[in-house]
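In what follows, structures are represented as structure tokens.
Paired with chain B in one complex and with chain C in the other, chain A is shared by the two complexes that follow.
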Partner chain A sequence: MKVVRLIARDELRLMLRNRVAMIAFALLVLLTLVAVASSWSHQRGMAELRARHAQAAEDAFHAQPDRHPHRVVHYGHFIFRPLGPLAAFDPGVDVFTGNSMFLEGHRQNTANFGDVRQSSLLVRFGQLTPAFVLQVVAPLLLVFLGYGALARETERGTMRLLMLQGVTRRQIVAGKLLALATVAILAALPALLGFALIAGQPGALALPMLVIALGYCVYLALWVVLILLVSALVRRSRDALLSLVALWAIAVVLLPRVAPDVASAAVPLQNRLQTDVAIARDLRRMGDSHNPDDPHFAKFKHAVLARYGVTRVEDLPVNYKGLLGVEGERLTTALFDRYAGQSYAAQARQNAIVETAAVLSPAIAIRSLSMAAAGTDFAGHRRFLEQAEAYRYALVQRLNAMQAEKVRYSDDTAEDAGADRRKRVSAANWQAMPDFTFVAPSGTALAKAALPGLAVLLAWLAVVGLLLALATRRLGAFR
Partner chain B sequence: MTLFLHEVRLLLRQRLTLLSLALLGLLTVAALAAGMAEVARQRAAIAAIPAAQAEDIGAIAAWVDQKKDAGSAAYYSFHATWDPPAPLAFAALGMRDVAPYILRVRALGLEAQIYDGDTFNPELALPGRFDFAFVLVFLSPLFVIALFHDLVSGEREAGRQRTLEALPRGGAALWRRRTALRLGLLWATLALPFVVAAVVEGVGAPAILLVLVVIAAYLLFWVALAALVGRLRWSSVANAATLAAAWLVLVLIVPTLANVLINQTVPVDQGAEIALAQRDAVNRAWDIPREATMRRFYAAHPEWADSPPLGSQFHYKWYFAFHQNGDEAVASRVRAYRAGLERRDAAGRALGWLLPSVGVQALLTRLADTDLAAQLAYQDRIRAFHARLRAFYYDYLFHDRPFGKADFDRAPRFASPETLSRS
Partner chain C sequence: MTAVEPPILLDQLTLSYGPHRVLDALSLAVAAGSITALLGGNGAGKSTTLSVLLGFARGDAGRAAVCGIDPGTDPDGARRRIAYLPENVALYEHLTAVENADYLLALSGQRQPRGAITDALAAAGLQERAWHQRLDGFSKGMRQKVAIAVALLRAVPVLLLDEPTSGLDPRATADFNALVLQVRDRGTAVLMVTHDLLSAADVADRIAFLEAGRVRHEVLAEGPDRFDVRALHARFQAGEAQAAA
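== the complex of A and B ==
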């Protein structure tokens, strides 16, 4: 053990003497601190902005004057996706998804005003976040610091000397591992420090944070082992550097871009125009509310009349138009749900293809682990969209029921000058409407979603570790 | 010339060089194929619009024809607009994966419609597209580094440098020859597949030439950087490490840092505020005298003021008038929002003058009509089309003319810019 520590200390001393390496390391620490600070302030700013917008939208909704309930169905409601505290560490797809949504009757709108369409072209170069620094920059720094660890000794023949002095191959490799792992821990420290800031925020969950920290430790450990593996296999340090940079470029830059292209070619998504046309077609098949002789709505009318024991809609104790609204909304929403479900399923299949590519690139694995645990992945966005849709449906149906119960049919169908006044219900009703509250997933659910990524990373670590153990046995066997 | 051929033979004997060039060629071809496939998908989606629209409008026409009510026709008819990919779009897909290239609008308030998006998977958009621009901007510098980091230092480490410099036509001429050869090979590996793809896609000759010059200039920048680092007379390993670090800083770190800075220094009024304000402006009409709405509308649009006065019954012309009033109430916000977006975009482009990586990306997306300017131009075309839609339906609504089945065919059709005229 003493020998191992000695070798590690010697390696670290050599790195300290390498001026370029030291500057690079200092820059990384600085970059991480900037990333932590800017992401943190961005997340706070965004969360506050959205909370303010949400408040303004709620106030506007509650402040409506006396109105016909169906007017309110179309006045609709704006809701905003809240940004969780962990988004300060890994904002995931937040920039790419719209964060506000207009909810109204008989329509399913898209989430709009994503930052990607409100930023300069630079946004497509990546985002400076602690997650980006750890996923992309830190491995390259480790490559720069560690490529020569074993290759240099082989190249200069010092490996022989070490062995002659009675140091075993395993001790040499263990010592170098210890040195590079120390650097990795130092490099990751500032980013994980950002966690301390996040942990202080309300709603920060311990379990996902633990999984994220564990995931990044495994990811960096994997790079440490991989770097030593290449350094052990290659005869010259230059070859070690070039192969490692190539590996890094393929795993971190190239594959994460190629995999989505493969996925989108393999699983096409139906665009909005085709979806809307298909929904309209299905609606016509189910029942056409514009057509007085439509079989579906004729049957519906019969059933309603029978339920109340009357023969004419005018004699109903409730407003038939409200009931019609409830039925119409039920039909359209069933279709919306079906088509949205198909689209979500297709997108989930696409993401599954990308995640399969994690077998080739650990960067994809850590990215999905990180986003899943932070709740900023596609599943997190889908959670918002589904809750928004559930809220929209409940809101619209509440308003339709209000029309059925509080607006008289005779008033609703009247067109005289005073009819407009009689159709309206009291403004107090809008104040009684519940607001949208996003139900954040539990820490356990988030952590569970991150487990597949963690499993892939651990498998990578095991395989690379095994290969390094094999390579260690024939270390210095060249020449 | 024989000397040059000799150099070629020497270079091609190196495994690293051959491997690098083969890999770069493969990546270029793959990126071009991926870009062309994506553009073909988008063209197919646009080509599928008429059939879908005919079905949708046909069904609406069938029941509107019973009452011949122009208001119902205007309210229920969605009209398609589209933004076909420019010939060069396959090389730089830009924003086309996150901004819609098909959008349906109706004659109601446009500000509630124009910011809608299309369906896309955000996790696929997150890392960016694998297109030719990506291979050029992100990957090609790595190949320059692989081929140039040991140009001189490799010979020095092999103990040949002094001999080479003492040779007749050695020294500077030799390094120039070798540099030109390596640069030429890299350029050809990127340029030849590109030219083939561009010709297939029907890109005009000036655009092709410009891209070829951009490729050469960008490669030259990295070669110059490698030469500069080489002058420090460090070892090959130190050269490679320094150049890779420079790549990281110039291609990944500075752009991301600048993005944070730009978004903080150039605040943009959130688009959501426009949507909120427009909705309130529109819905207020139900709570004020209808004559007030009409007065305001006629004041801004006297061409419809000869319309008969409103009765006590609901009339769609009032409905459309307050929608247009709502749009006009937020016009100044819309202008400010757009100006903010353009300022941000301009700041990003300005960085392109300092940072070749950003500059090339900006130039390619501009040439390919896939940048923010192209998006805004598409929005302008939607606005112009929407104005024609309004004028078309208003003619029926404000003059109380019946709207029958045949009138649906008279509705204005969106004219996308001729694909050829844009190259």
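== the complex of A and C ==
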């Protein structure tokens, strides 16, 4: 162990005496600190903004005067997705997908106002977050600091010199691993500082944070081992650097961008216009509640009259128009749910293709792990959409039921001067409506969702570690 | 190691790379406190002989031993008993002369106080102002002095030299040879592989001529069979010419 420490210490001494290496390391630390500070501030700002807007939307909804319930259905309601504390570390798809939604009757709207749509192109290129720094920049720094660890010794003949001191190949590789791992830990420290900040926040979940920390440790360890593997396989430092930069470019830059394109091509999604046209066509087929000859609604009317034992809608103890609203919303929601289900299924297949590409790129694996544990992945977004839709449906149906029970049919169909006033229900009804509360997943669920990414990273580490063990055997083999 | 076995021993050692036989029943022994120079043309097997002793190559037949240890089966054990100076001494450019010596001695488990290191550097002829300079500006001769200082401090029983005087000016060669003699006088067995007959004749107790992987001829510096440099030079040139033909 003493020899391993000596070799590690010398490797670190070499880095310390290399001005370029020190500047690069200082830049990484600075970049991470800036990323932590800016993400932290951005997340807090966004969380406060969303909370303020959500409160304003609630207040506006509750402040509606006495009015007809169906006008409230069309008045609509804005809801906002609250940000979890881990979004400061990895905002994931939140910046692209939008974070607010307008809820109204007869329609399922999509989320709006993602950061990317409101920001410059720089955000599209890559938001400066601790996750981005650790996923993209830290491996590159490790490449520049470690590419020559073994190749340089071979190239300059000092590998043989080390062996001639009675040092074994394993000790040499272990010493270099220790040195580069030390650099990786130091490089990750500022991000861990950000983690410590998050850990103190309300809603911070220990288990997903643990999985994220473990995931990034495995990811950086994988790069450390990969760098030494390449450095052991080639005889010249320059070749090691070129190979590693190429590997980094492919694994970290190219594949994570190409994989979604491949997934989109393999599983095409209908665009917004195509979906809207198809839904409109299906809605027409579904039936018209205002047409007395429409077969579905004629059957519905017959069933309602039979249930109440009357022959005319005017004789019903409830407002038939309210019942029609309930039935119409049920039908349209089922239709929208079907389209949403198809879209979710297609997106899930696309995500599966992208996640399969993690076999080729550990950067994809760590990205999946990081977003899943932070709750900012597509599943997190879908969770928000589904909860929002459930809330919308309940709200609209409650208003339709209110129309059926609190507005008389005769008033609802009347057109005299005082009819409008008679159709209104008390504003106290809106104030009694429950507010939207996003139910965040449990820490166990988030951690569990991140496990496939962790498994891929561990498999990568095992394979690369095995290859390094094999390469170590022939290290410094001379003829 | 038996009581009589020399620190460097090759006995009927044979080694082939594919169909090419590089060492052909090579036998050689270097006693403690003596210097043997191994001369030969290109491809005669000189460097391969050193590789076998260092444990970087393994013979197909015969025996190699360093202080009784087979470098083929226990290379680390053999290397702990060897100091080796290649033609181009490889040391760490980012370290000073003192740091190099300190690092290498620590690795070999023979750490020495700073005073002992500077004494050894001085004994090796390295000027004091160079002790704390990084090696990136050092000449070949200066690097050799650092390596010799490490060898002196390690007090190993075997010193292997590979073309040590190639590229050195006569003054530096003389300085180097003086150092080698100093090491020998401490009881070290020295095997020097070289093309430089004059330098070999200056320091060697015995000169062995290697040809096609086996020792064809041996001469001694002392005694009734002591060699004549002129005759050796003529013979060596003839051998080289023959090898070239």
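We adopt the following convention: the second predicted complex is superposed on the first by the 474 of 479 C-alpha atoms of A that agree within 3 Å, B and C clash if a C-alpha of one lies under 4 Å from a C-alpha of the other, contacts with A are read in each partner's own complex, and residues count from 1 in each chain.
Just so it is clear, a contact is a pair of C-beta atoms (placed from the backbone, for glycine too) under 8 Å apart; a residue touches a chain by one contact, two chains touch by 3 or more.
Worth saying up front: this structure is predicted, and the values here are computed from it rather than measured.
In the superposed model, A:L14 makes contact with chain C only, not with chain B. Within the superposed three-chain model, A:T168 lies in touch with chain C and out of touch with chain B [touch as defined at top]. In the superposition on chain A, contact is made by A:R160 with chain C only, not with chain B. Once chain A of one complex is fitted onto chain A of the other, the partner contacts of A:H53 are limited to chain B, with no touch recorded for chain C. In the superposition on chain A, contact is made by A:L6 with chain C only, not with chain B. Contacts of A:A428 after superposition: neither chain B nor chain C is touched. Contact with chain B, but none with chain C, is seen for A:A280 once the two complexes are overlaid on the shared chain. Note: no residue of chain A belongs to the chain B contact set and to the chain C contact set alike, using the contact criterion stated above.
The touching residues of chain C, counted against chain A in their complex, run 17, 51, 54, 56-57, 75-77, 79-80, 82-84, 86, 88, 90-95, 103-104, 106-109.
The residues of chain A lying in touch with chain C in their complex are 3, 6-7, 10, 13-14, 17-18, 156-158, 160-168, 476-479.
Chain B contributes residues 16, 27, 30, 34, 37-38, 41, 45, 48-49, 52-53, 55-56, 59, 63, 78, 80, 94-95, 98-100, 102, 104, 112, 115-130, 134, 138-139, 142, 145-146, 150, 236-238, 240-242, 244-245, 248-249, 251-253, 255-260, 262-264, 268, 270-273, 275-276, 279-280, 283, 286-287, 312-314, 341, 344-345, 347-349, 351, 357-358, 361-362, 365, 371-372, 375 to its touches with chain A in the complex. Within the complex formed with chain B, the residues of chain A that make contact are 20, 24, 27, 31, 34, 38, 42, 49, 53, 56-57, 60, 64-65, 67-68, 71, 74-76, 78, 80, 92-93, 96-100, 102, 109-128, 132, 136-137, 140, 144, 147-148, 237-238, 241-242, 245-246, 249, 253-254, 256-258, 260-261, 263-265, 268-277, 280-281, 284, 288, 290-291, 343, 347, 350-351, 354, 371, 377-378, 381, 415-417.
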